[in-house]
Amino acid sequence: MGRLLAILIWLITAGTAAFFAWSKTKTGWWFPEAISEHAAAMDSQFNLTWAVVAVAFFGAQAALGYAVWKFRSKGNERATYSEGNTRIEIVLVAITGIVFIALAITGQRVWANLHLNQAPPDAVQIEATGQQFNWYFRHPGADGRFGSTSPKLYDDTDNSVGARPGPLGIDPKDPSGKDDIFGQTLVIPINRPINLTLRAKDVTHNFYAPALRLKQDAVPGLKINLHFTATKEGKYEIACAELCGQLHHQMRAYMRVVSQAEFEKWLSENAPK
Amino acid sequence: MFSRRMIAVFLLALAVVGSAACGGNKEETAAPAAAGPTWKPTGNEGNVTGTIAFAGAAPAPKKLDTSNDGACGEAFANDVLVADGKLQNVFVYVKSGLPADANFEISATEVTLDQKGCVYMPRVLGIQAGQPLKIVNSDQTNHNIHPVPKTNREWNESQLKGQAPIIKKFAKAETQIPVKCNMHSWMLAHINVVAHPFFAVSGADGSFSIKGLPPGDYELEAWHERFGAKTLKVSVAAKADAKADFSFDAAKAYNAGSLKVQPALVLP
Amino acid sequence: MSDQVQTSHAAPKGFIRKYIFSTDHKVIGIQYFFLALVAALIGMLMSLLIRLRLAWPTERWPMLETIFPEGFKDGLMQPEFYLAMVTMHGTIMVFMVLTTAPQSGFGNYFLPIQIGARDMAFPVLNALSFWLTAVSFLVLIAALFVVGGAPLGGWTFYPTLSAIPSAGPGQALGADLWIVSIALFCVASLLGALNFITTTLNMRTSGMTLMRMPLSCWGWFTTAVIALLAFPVLLAGGILLLLDRNVGTGFFIPSGLVVSGKLIEGGGGSTILWQHLFWFFGHPEVYIAILPGMGATSHILATFARKPVFGHKAMVVAMFAIGLLGFFVWGHHMFISGMNPSVAIAFSVLTLVIGVPSAIKTFNWLGTLWGARIRFTTPMLFAIGFVSLFVAGGVTGLVLGQTALDVVFHDTHFVTGHFHLIMGVAAIFGIFAATYYWFPKMFARTMNETLGKLHFVLTFVGVYAIFIPFHVLGIAGHPRRYADSSGYEFLQALDPLHVVITIAAFATAAAQVIFLVNFFWSLFKGKRAEANPWEATTLEWSTPTPVPHENFGEVLPVVHHDPYEYSVPGATKDYVMQTEPNSF
C-alpha cells in the first residue's frame, strides 16, 4: 500500500502540473486578454507568485510521496526515535517568512497604484451604477459635472437616450444634469485615464471587467472610485462578481474601447436633444 | 453497549423529522369569500362604455436601450400610448356602488401576460381575485417576474427561455400592482386585481366597455400609470348603455416613476 | 487541576436518559457525529444538484421536477433554486458538518478520555449544546420548505440582499429562519467552547501536564478558544440583521435604496459593517473547521509512523499562532468591498504571515514520517491524504492573500477551489481519518480495511479531479455563484471543464456509498475490537472497549509519559503507553 500511495501522490502531482500546462495552451482556459495599463504588472506578480506556489506544492508533494515510499514498515524493524530538530525548524520559519512577506510586499505596488493614488485630474469621469440586474454608465457631458440624482426620481421604465429623470433619477431641474449622457454600454476612449465612480441602487454589486483585470464592489450608500487606462480598442464584457440576486449571472454589460475621435462622436450622438 | 439501539432511534427520529418537513409550497388560491349570497345576473343588466380622451401632444416614440440583452431586439417605451387624441392602457373599474357583501363568480378564463421583445403585453391588465393569470415567455431570453403588491403576497420567480407558462393567482383585490422584470429594468406592467368582474382597459382607440352591470349608481375610477386616477359617477338603467368618458391632460399630474414607500418600522 | 475531586455517578438506567437526553459525553459525541453525517449527506446531494446546473444549464430534468416542483419548473432548474442550493450547501457544510463533527463530535467523545477525565466539566450544558445544535439544524432545514423558498444570499449572507425581503425570492421567511438557525448554532457553540476550555484546563488527570496532552486535545482546545471569541460576534451580527429585516432598524441598510421600484425608507446603516462582523467570525471559522483535523492528523500520523510527532512543542505553538493570527486577517475577504485600501495592505501582509505556522505544520508532518516505519491502515491513508490536500489548498492562499491578485481572483472559482481543498475536503479527510481511527473505540467493532482503502483511493483521486480544474476556471475569470455562464463569450470555452468536474463529483459522491456501507455494516457486523487495536499510547486506548460509564474504573489513570512515545530505544515494545509506570 505504501508504494501505491506514493505513486498515487506523485501521479496526482504530475497530473496537476500537466493539467495546468495544458490549460495554459488552450484558448479561454487561462487569463483573458489583458487590455489595461496596470494588467502587465498584475500578471507578472501572478507569475512570480505562481512560481512560489509551484515550488511549495511540488516540493511538499514530492517529499510526502518519497517519505511514504521510503519509510513503509518492514518486518519488526523500529522507526528512528526523534522528537524534532529546532535548528531546521528555525531555518524553515525564516525562509518561508521571508519569501511570503516579500511576496506580500511586492504585490502591494500594483495595489497602491490602483487604489492609493488618485486618478490624474484630466481623467475621463464616468459613473457606473449597478442595479438588479443591469449596469448604467453616465458621462457628465460638456460641462464636466454630473447632475444631482435622487432615489425618489428613479424611473426605470424609460431608459431612452436623454431620458429625464431616467433610471438614474437625474434631477431635471439641475442645470448640470441637462447634458449628462447615460446608457447600458460603457464607452471609453483608448489610452486615456478613466476615473470610474461606482454606485449601487439596491444591493451590493461588483464591477468586474476581466480584460481590465479590475474588480470592485459597487456598494449601496457609497461612492467608490476606481481608475484605469485601457490600451486596446475593442468590445469587451463586464460582469457582476458579487451575488446580487437570482439573475446575478446575467448582469452583463459591454465595454467598448474606441479612439478619441469615435468617443467624441458617440458622445455627441447620445447627448440629450 | 449503547451504540446500536441509540443509533437506530436517532436515525429514526431524523427520518421522521425529515419526512415531516417535506410539505412543499402551497400556492394561495382561494379568494376570500364575502359573507353575502353569490351574485347572479337577472337579465336586467346594462353596460358602461366610454373613451379616454387625451389633451396635448402625443409623446414622441422613445427607443429603449436594450443593449445588455441581444435577444430583446428593438423596444420602444409604451408607458404613454396615444392615437388620435385617445389614451390607451387606462384601467377603468367600478370602484363603489356594488353591494358590499356580494360574491361574484370568479372567472376561470386565463388572463395572459406575455413577455415579448422584452416588453410586457399587455402593459396594463385587470383580473379578478382568484382568476388565473397565465404568464408566458415568448422571448429567447430569461426573465424574472416580480410583482410588488401591498396586500397580496409578494413573489419573484424566474421564467427561463423556453419554459412553459406559469399560472398564478392573486388572493385579494388590489389595484396598481407594479410588476417588474429585474433583468430588463425597463419592463413594467401593472396588474389590477378586482373582487368583481366589472373592469376594462382602454384599447388602442381609447375605448372601453364594462358589460353586465346590474342597474344602479356607481362610481367609476380610471387610472393611468403616468396621469393618476380620475373618478366619475354613472347611473346604469336596466338593459341600457351608459356613457362614461374620461379625459387626461398631458400637462397635468405627470407621475414620474412609480415609487412606493415601504414603511420603515413594522410593528406587530 | 489534576488533583480535582471527581465524584462518581451511577450510570443512568432509563432508555431516554441513557441515549436521548444523555449527559454522558460519549453519547453526546456520537449524537453530534450522526447529526453531522446526516447533514453531510444532505449537503453532498445539494452539491450534486449544483453541479448538474453548471454542467448542463439548459437541460430539462422531469424526474427531478417530481421531487422539487418549485425548483425545476417545466423541468428546468430555476436560478433561484440553484442559488438556494449554493447557500444551503455552504451553510450546512460549514456549520453542521465541519464545525460539528471534528470538534463537537470527536472532541466530546475523546477529549475527556484523552486527558483522563470522567466526563466534560459541565455535562448538562453539554447536552444542552447538542440539543440546541439539533434544533438549529432543523430550523435550517425548515428554511427549505417555507413559502418563498430557501434563502439565496450565499452562506455569507451579505446585506442588503439578505436584509431587504423584496430583494429576491427566498429572502422572506426562509432568510429569517436561516438567521435564527445560525443564532442558535452560535449559542450552542459558545456553550460548547466554554465546556471544552474548562474541561481541558481543570479536569486533567494526575501527571497530564499541558505538554503531555495529545495534539488532538490541543486541536480541540485551540478551536474552543477561537470559537469562544468568534461566535459571539456572528451572534451579534445575526441579531442585528434579524432586527433590520423585521423591525426596520437599518443597521446594515443605507438610506435611499430602491429595490424593484420600491423605495426603502429608513436606513443610515452600512452593508460593509455586516462584512466586518461576519468575517471577524468567518475567517476564524476556517480554523475552527481545520484545527481539530490538524490535531487528529498529527495524532494518527504519530501512531502509524511509530514515531513521536516531530517538533511537538512547535506544533502546539504553530496551532495557537494560527488561531491567534486568524483573528487579524479577516479583512482579506474584503479587499474589494470598498474598505479602506490602506488597511487592506496590513491585512494582506498578516495573511501571508499566517502561511508560516501552516508551513511549520506541514514540515513537521513530513518530519514525523521521516525515518518512520509507516503502517498503512485506512486512518493513516486519510491522514496522509489530509497533509497532501492541506498543502494543495494552502499554497493558493499565497495568491489570494495578495491585494493586487485578489482583484483578479476575488469571487472566482479559484477561490472556490482553494477553500474547498483546504477547509472542505482536507477537513473531511481529517474527519474520515478520525472515524476510521476511533471507530473501534466508539463502537467496539472494527471497520473493514479493504473497503476503507478502496474508499480512500477513489475519494483521494476524486477530490483532486474535482477541485484542481476549479483553479483553471478561476484563472480564466469564471465568477462563482453563477447559475449559468452561457451569457458570456469569455466563459464559453470552459463548458467542457464544467462537465468534467460534474462527472468527477458524481463519481466521488458514489464512492462515499462504500464508506456508508462499510460504516453501517461494521457497526452491526464488524469484528469485535480489542482495547488497543492500533498499539497506540494515549489514554483512550488504556480503557476497556466498550468504554465503561465514566470512562475509567475505580481509579483514574496516572500519566507518566509524553503522548507519542513510539519506538523508544531500549523499551520492550515499540510503544510506551502514557499510563505505563516509569520503569520499563
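Per-chain residue numbering starts at 1, and chain names A, B and C are given in the order in which the chains are listed.
As a convention for this text, a contact is a pair of C-beta atoms (placed from the backbone, for glycine too) under 8 Å apart; a residue touches a chain by one contact, two chains touch by 3 or more.
Values in this document were obtained by computation on a predicted structure and should not be read as measured data.
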| item | value |
| --- | --- |
| Dominant interface by contact count, named by its two chains | A-C |
| Far-end chain from subunit B, centres as C-alpha averages | C |
| Interchain centroid distance [CA atoms averaged], subunit A/subunit C, Å | 29 |
| Chain centre separation in whole Å, for subunit C relative to subunit B (CA means) | 48 |
| Subunit A and subunit B: spacing of chain centres that average the CA atoms, whole Å | 42 |
| Residues of subunit C engaged with two or more neighbouring chains | 78-80, 168-169, 258, 260-261, 263 |
| Multi-partner residues of subunit B (at least 2 other chains) | 142, 156, 158, 180, 182, 188, 257-259 |
| Multi-chain contact sites of subunit A, meaning residues that touch two or more partners | 131-132, 151-152, 154, 156, 245-247, 250, 252 |
| Of all residues in subunit C, those that touch subunit B in their complex | 15, 18-20, 27, 30-31, 34, 38, 58, 69-70, 73-74, 76, 78-80, 138, 141-142, 144-149, 165-166, 168-169, 172, 246-248, 250, 258, 260-266, 442-444, 523-524, 546 |
| Residue numbers on subunit A that touch subunit B, as the complex places them | 131-135, 151-161, 163, 165, 167, 169, 183-185, 245-247, 250, 252-254 |
| Residues of subunit B defined as touching subunit A within the complex | 62-69, 77, 79, 142, 144, 156, 158, 180, 182-188, 256-259 |
| Subunit B residues touching subunit C - in the complex, by the definition given at the top | 1-7, 9-11, 14, 17-18, 21-26, 142, 146, 148, 153-158, 160-164, 166, 178, 180, 182, 188, 257-267 |
| In the complex, subunit C residues that touch subunit A | 78-80, 83, 152-154, 158-161, 164, 167-169, 253-261, 263, 267, 269-272, 305-314, 336-338, 341-342, 344-345, 348-349, 351-353, 355-356, 359-360, 362-364, 366-367, 369-376, 381, 384, 387-388, 391-392, 395-396, 398-399, 401-405, 407-408, 410-412, 453, 457, 460-461, 464, 468-469, 471-472, 475-477, 479, 481-485, 487-494, 497, 566-569, 574 |
